[in-house]
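Structures are listed in the sections that come next.
Next come two complexes built around chain A: one with chain B, the other with chain C.
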Partner chain A sequence: MTKRHAKIYWTGFTVIIALLVIAPLVLPEFWRRFLTEILIWGLLAMSSDLLIGYTGMVSFGHSAFFGLGMYGAAAAILMVKPPNLWLAILYGLAASAAVAMFVAYFSTRLRDIYFAITTLIFSQIFYVIIFTWTEVTGGENGLSFARPALGIPGVYTVPFTSTTLHWFVLAIVAISYLVLRRVTQSPFGMVLQSIRENEARTRAIGYPVERYKMVAVMLSGLFAGLAGVLYAIQNRFAAPDFVYFLISGEVVIFNVMGGIGTLLGPIVGAGFFLGLREGFSRLFPWIATTFDMPYLAEFPYLIPVGIIFILMVIFLPQGLLGFMKQRLNQ
Partner chain B sequence: MNTPAALAAPSPAPVRGDAKPTVLRTEGLSIRFGGLTALNDVNFEVKRDEIRAIIGPNGAGKSTLFNCLTGVLRPTSGRILFNGENISGLPPNRISQKGIARSYQITNILPNATTLENVRIAAQSRRHGWNMMRHHRNFGDIMGKAEAVLASVGLLSKASELAANLSHGEQRNLEIGIALATEPQLLCLDEPTAGMSAAETHDTMQLVRRISKDLTILIVEHDMKVVMELAHRITVLHYGAILAEGTPADIQQNPKVLEVYLKT
Partner chain C sequence: MEIPWDIILIQTVNGLVTGMILALVASGLTLIFGIMDVVNFAHGELFMLGAYMGVVVLTTTGNFWLALVIAVLIVALLGAAMQITTLRPLLGRDPLNTILATFGLSLVLQNYALWQFGPVARKIQEPFTGQFTLFYLQYPWYRIVIAVLSAAIITGLYLFLKYGRYGIWIRATTQDRVMAQAMGIPVPWVHTAVFAIGAGMAAASGVLFGPLVGVNHAMGLDWVLKAFIVVVVGGMGNLGGSIAAAIFISLLEAYASIWVSPSQAIIVSSIVLILTLLFRPTGLFVPTPK
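Presenting the complex of A and B:
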């Protein structure tokens, strides 16, 4: 990046962060929560971009890391009195790291579709364990709990409002982004990209490829777990649905829509996809009442969302951000 | 690469063998794919700073031999000794770390990375590879090494060009650059001049001669002119076994070699 590029980049970064800081002050409650949620899904998508975009491994197991982050946070909040925000994060990260280590150890021996399927199977195994182990995990109903307060318990705490929660999530997502960005530019990150480009050659010039992949999966799982912790704190529950592989599928969709290998793209993709879904889910009932066409009220709104996704894959294969980058470079 | 001592030393006369220590030795090296014996009891020895050519008709086992030496294939039996240490069966990354590098017959680079990055990532494999917290361009030692290597293979002016956009000849030289950046003691070149024009071939020969000053080189090559001019000694493979070995002059007069080459 040249000096001029760097200047544009950091100006843009500051403006976007400033907008996201102001947003909860002007948005109504529902959209404030919605925006916070987009940031959390964005963090999850960004964590998987480290594998999809930078290492060239498509993971369908990110729901497991995300879900274990949720359950780890739940464990800390339910077991430790008074509930401690930082312990919730720590437990969540530990749980997702443990799962990520387990999954990484077995799955990184495989490549391409075999890697994807193995991660999917592992996430389903964790789903079944969580779904059936009712005494510990609450089974189908999951666990619900009170939201821990912001601050240091026993010293000074304030309860979260939806605005302060948004700022808290924004701070963590922004820091995670900066950390992940640095990781992708570091020597380690360059090795991951070299593996993506030419795995055999990377091994031939002396890199233990499997070990690098393992660390990449663990790192990615750790940030996915962090997203899970944030989601648990926002929604005050942990549920097995979030360990289910459909979540992993959505994460891949966020990546494809936003642009893989850009880190920010997956956040944009998450915002775009969730916004699209939300918009269409309201559009048809609105048309039905406004234009007096009651048969449209129940129209399956995911059909147009799916069509848009397919069109984007065909005409914008580099994703929204990838496309914008290409345009700016011209 | 170019240590002051090496620069000061007179250019090495063709090595006759006995004075220098052995870098590479194979003992009874064999590899079988099902019923096919690709290498059959190969015993040979390469001395330090030697340029050794491996020749033979198509399918003689030359590339298979390279694949064994660099860990891509595991020998069925026999040993490979590198500086006296048995390295047979080690994975390619471990063998690279021991000091054996190779270039490929079919260009094998990172096409979407710049020329500099192709070499830099190879230089980085010796140190700093696990660093996650600093920008990769802030490692002066690695960048310096990468630029020195690019200069030595004549690609410094193309440093920021995408490797995919280089000409075929330049990509072949980048191959050699990537191998050199790992600071090898033994360099295996698999047909470095394949598909090159006469002028490019000449330049690459000069390049190989230049880098061979303190490097042991194994070279597989079909171009006999290149082989005869470059190599100190030649090993002829035929059906996976060694048919003959000797100086270029010996090999050119060896009746067995002539017979094999005239027949095919």
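Presenting the complex of A and C:
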């Protein structure tokens, strides 16, 4: 990156962060929550981009890390009195790290679709365990809890409002982004990219490829768990639905829509996907009432979203951000 | 601990019946993977749509066998259309793209079924209700018929691939796509045909299995996961291996569900999958590669 590029980059970064800081002050309550949610899903998608975009491994098991982050946070909030925000984050990270270590050990021996299928099956194992172990996890109903307060317990705390929660999430997502960006530019990140480009050659040069992949999966799982913790704190519950593999599928959709291998792309993708979902879920009832077509009222918004996704896989495989980058470079 | 022989025998029969249905689903999946490197995430949805088509035709005509045939034909056509519109443009790209595209398809099809047929499970009436006594159980003949029919369809597929003119085209395309094209085989149409055959087989198993469980829009998800396990354990693209693995895994799950709840039994097959991937990554039922 040249000096001029760096300057443009940091200016853009500051502007976007500033906009996101101001946004909750001007947006109504619903959209404030919506924006916070985009950031959380964006963090999850970004964590998975480390594998998809940088290491060339498509994980279909990120729901396991995300869900375990949620349940870890729930455990800390429900078991430790008084509930402590930082302990919730710590427990959530520990839970997702443990799962990530387990998954990484087995799945990194495999490549391509085998990796994808193995991670999928693993997330499904955790789903079944959480779904059936009712005494501990609350089974199908999940666990609900009160939101912990922001601050240092015993010294100074304030309860979260939707605005401070947004800022808190924004801070964590921004820091995570900078950390992940640094990781991808570090020598470690370079090795990951060389694994993506040519695994056999990387091994021939003498890098222990398996170990690098394992660390990549664990790191990715850790950030996915962090997203899970944030989501649990925002919504005050943990439910098995979030361990189900459809969530992993959505994460992959975010990545493809936004552009893999860009870190920021997945956040854009998450915003695009959630925006489409929100838009279509309002559009069909509107059409139904305006044009008197009542059978359209219940039309599932996921059908047009799915079709747009398929079209993007075929015609825009580099994603929205990748496409913009290409355009700018011309 | 006393070994409950009667329960074990009943579960063996149960396992064989589900195993044959699973083999029918999985052989379509493995055929599609073997010939065009497509991991078909929407396979469970084809199974589900087959079952729904069965419901629709059965309620209009009242004939189960007619419903079976029509459902298979409609879903096969749908499969061909899916292949032409979404998978053909992806030919030659990374197989991971096909996972993504078929995942999108499965979202669309599943939500379509939810919209069209509603969230309440439908029931398919079995064509006959005869039973025979198996220890303390009245075991329905229909389950045995399912297993036999599935076996017949799979045998038919095998014979077609082995001796049929177009079966030989299919095998040639699996072995070497470029060479097959050079010999004058219309490779793109072979791909479409194989996808249609796989879709039809999934639909057949959906209709056959419908009477045993309710038909609902999410029924495909469980099956596609199980079919993935089977296909990987049997060796991707290996038809015989998939069939053996389907029966092996269904038996294991049937035995496991004597002691744990059936929803936990999938953990057993997942462990088999993981062990297979660790020690025999090319599949459990294939000769060790040299």
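The definition used in the following text is that the second predicted complex is superposed on the first by the 330 of 330 C-alpha atoms of A that agree within 3 Å, B and C clash if a C-alpha of one lies under 4 Å from a C-alpha of the other, contacts with A are read in each partner's own complex, and residues count from 1 in each chain.
In this text, contacts are C-beta pairs under 8 Å (C-beta built on N, C-alpha and C of every residue); 3 or more make two chains touch, one makes a residue touch a chain.
Every value quoted in this text rests on a predicted model; they were computed, and no experiment measured them.
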If touched residues of chain A are counted for chain B and for chain C, the larger one: C
Touched partner set for A:182, first chain B, second chain C, both or neither: first
First, second, both or neither for A:152, with chain B first and chain C second: neither
Which of chain B and chain C A:209 touches, first, second, both or neither: first
Contacts of A:8 with chain B and chain C, given as first, second, both or neither: neither
Partner chain in contact with A:18 - chain B first, chain C second, else both or neither: neither
Contacts of A:300 with chain B and chain C, given as first, second, both or neither: second
Touched partner set for A:194, first chain B, second chain C, both or neither: first
Residues on chain A engaged by chain B in the complex (per definition of touch): 182-183, 185-191, 193-194, 197-198, 200-209, 215
Chain A-facing residues of chain B, complex: 70, 72, 91-93, 96-97, 101-102, 108-113, 117, 120-122, 124-126, 128-136, 139, 142, 178-179, 181-182
Residue ranges of chain C touching chain A (in the complex, touch as defined): 39, 86, 89-90, 93, 95-97, 99-101, 103-105, 107-108, 111-112, 114-115, 225, 228-229, 232, 236, 261, 263-264, 266-267, 270, 273-274, 277-278, 281
Touch list for chain A against partner chain C, complex: 58, 60, 106, 109-110, 112-114, 116-118, 120-122, 124-125, 128-129, 131-132, 245, 249, 252-253, 256, 298-300, 302-303, 305-307, 309-310, 313-314, 317
